[in-house]
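Pasting a structure below so you can have a look.
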Amino acid sequence: MSHSPDHEFALRAREIGEAGRFLYERGWVPATSGNFSARLGDGKIAITVSGRNKGALSADDIMLIDAEGQPLTVGKRSSAETLLHTGIYRRFPAVGAVLHTHSMNATLLSRQFGHALTLAGYELLKAFQGIETHDTQMVVPIFPNDQEIPRLQGQVDEWLDQQTAPVFGYLIAGHGLYVWGTSVADALRHLEAFEFLFQCELHAQRMTHA
Amino acid sequence: MSHSPDHEFALRAREIGEAGRFLYERGWVPATSGNFSARLGDGKIAITVSGRNKGALSADDIMLIDAEGQPLTVGKRSSAETLLHTGIYRRFPAVGAVLHTHSMNATLLSRQFGHALTLAGYELLKAFQGIETHDTQMVVPIFPNDQEIPRLQGQVDEWLDQQTAPVFGYLIAGHGLYVWGTSVADALRHLEAFEFLFQCELHAQRMTHA
Amino acid sequence: MSHSPDHEFALRAREIGEAGRFLYERGWVPATSGNFSARLGDGKIAITVSGRNKGALSADDIMLIDAEGQPLTVGKRSSAETLLHTGIYRRFPAVGAVLHTHSMNATLLSRQFGHALTLAGYELLKAFQGIETHDTQMVVPIFPNDQEIPRLQGQVDEWLDQQTAPVFGYLIAGHGLYVWGTSVADALRHLEAFEFLFQCELHAQRMTHA
Amino acid sequence: MSHSPDHEFALRAREIGEAGRFLYERGWVPATSGNFSARLGDGKIAITVSGRNKGALSADDIMLIDAEGQPLTVGKRSSAETLLHTGIYRRFPAVGAVLHTHSMNATLLSRQFGHALTLAGYELLKAFQGIETHDTQMVVPIFPNDQEIPRLQGQVDEWLDQQTAPVFGYLIAGHGLYVWGTSVADALRHLEAFEFLFQCELHAQRMTHA
């Protein structure tokens, strides 16, 4: 069954709102930080309006943009980081949702580690689509924070160009995580797995350094 | 009063669903991880379907298997780890429920300690059935993680063969905890006690190593 | 306005049940641990039945005992630690409620510190009845755990005999906290303050030892 | 649209009550600690009555004071710290709300750091009104705790006199945080950002000292 674009937008907006309440409750999008998007069947993208409380999103807080990130909803503005969302959709035709969060674990790890964080040997790596064993490793790159978003996206693109294995997310230092999946539910599962593994790494690092 | 098998399945499925919401809320089964089961009066086992969100289980997410782990519900598949559940039921006739969780404390401890974790001197040890004093110790074995479940179950069986005192759970390194009890409520009480004691040990270890 | 004993029992039982849900949610009475009581106008005491889940107390989980700790409700048994409750009521005529909790912070601190924990310089000390400045200190004694409750109460009495300033609680090593107040609400405020200060001390200790 | 003073008081009282429930849930105003206020259009101030549980504020727990902190609601008394609220309103005509919290992070940091805490390089600094880049730093002063509130306010005034950049909050050692904004929502966003950054600093400090 296919839906009209309006109906599809409403469905995705509701999923984004529910994801927002869940993520806010966890403390992963404090103080109006973070932004979320989902791609519709016609290639347009539903995305959160800039500066809204992510724990209390209503339909009015979600807007429509085109594949280049231009607003299609009159009178609304998405975050400057919209280009990081469209960059992921452009690269991966199967991606249906992108979540950007600001958790404390992501903030701390991305400031303490250098250019990348390696996650290895965890059973929970199997939460990522296509990973079938704990006996593997995933490298999560950490990009320096940059208010000049096109320049930041350039760095992300350069990294993506070099990847041969599937990738699911990246960190921006002192800022947060970008994570994606085929749907909002899929991206949420990846996000939960990343946050769990980040917290494990942070604790393990504390033990090692102690 | 005894119930019809269908009614009993419905009761156990509801208990499993409620346990799932509780455990998910605690962060102990993130990103669709974990699996739960309960044994019915006729020896069949109600168990979670593979890959479902443990925080939002409905009747549709619970299936029936036989004592050997073969599916009895058409079109549904339980986790590869089903054999670890049936291994416990086979060994202990009084066990009515098995819970498998992936908490951060269990993940961290099971990676940092070697072959076993010893819990000693805690009042909360009295939460385990039959323990009447804090002045005792419980050894929780830690098995290396293995995607080959029959081989892993072989290691568990070897350990169980050597036990003379009652046992309530074991850890799999970088993976999580298996815990059991005479009922879902009983297994939950044991799980809560283990998680509390794991967190105590993790903190204590941090103090000692610091 | 005074209430009939039955009505008063029902009121106190409801307060105890609400306190239980609050404390369980915080993780301070895991795995059926803890016990709570409130004194009625006629000197009898409403107290939790042994072994119940403190996060789901109903009227059926609260019973009546006399001032010596003897059960007045047929067919129900309170915890062996009931004598620690009656010991506090006997000593302090103004005390109307006693709460016993098993938080992780209390468990850890009571195992790491020796015979007492000193809380000093915290603004939150003003949450204790009669304390008007942060520029003070409170000594919380830590008694060795003992399954022989009359002997443990003997140690508590010995300590109480020596006090000249008001006291609000004590720790039992590896076990938990006893705290009291003129009412359930008053005891809860003292408990919240203790738990906050315990967590502060645990963090501070980690910094110092690191 | 302007509201009658009574209606405006009711609106602000409701916002304060909701903020209280949110902040209590987070553990930032334990054991009746903290106090909150909002300024009305006519310059009067709605403020919490002293000693109330901040997680369960009703209209009865909010009173009216004048710009000098004198009570305008008969039979009610605001906290001794009311002068710290009026000091902020007097200084900043655009400020519409002041929140005072007692979180563990604020308590710990304010005891461990000396005279000030510097927050630098965090993306979340952009949550503060007017800050457009992570590449900045904010200095949060830490005043020694003092039960003599006019003397403490004197120290705050001295610090405020020296500021040229916008300021959003200050710490009192072993006590807590004062934070403000143009509205209750604005002050809450600043508070969430401060608490997040305090927790980051506390973790980072633990790594460094370890």
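A, B, C and D are the chain letters, set down in written order, and residue numbers restart from 1 in every chain.
The rule is short, and it goes like this: a residue touches a chain if its C-beta (ideal position, glycine included) is under 8 Å from a C-beta of that chain, and two chains touch if they have at least 3 such contacts.
Being a predicted model, the structure only gives us computed values, none of them experimental.
Looking at the partners of chain A and chain D together, they share no chain.
Although chain C and chain D carry the same sequence, what matters here is overlap: shared residue numbers make up under half of all numbers found at their interface. Rounded to whole angstrom, the centroid-to-centroid distance between chain A and chain B, based on C-alpha atoms, equals 32 Å.
In this assembly, the C-alpha centroid of chain B lies 45 Å from the C-alpha centroid of chain D. Multi-chain contact residues of chain C (touching two or more other chains): 206, 210. Put simply, chain B touches chain C in their complex at residues 121-124, 127, 132-135, 185, 189-190, 192-193, 195-196, 199-200, 203-204, 206-207, 210. Within the complex formed with chain C, the residues of chain D that make contact are 27, 30-33, 53, 102, 104, 107-108, 111-112, 145, 147, 172, 174-176, 202, 205-206, 209-210.
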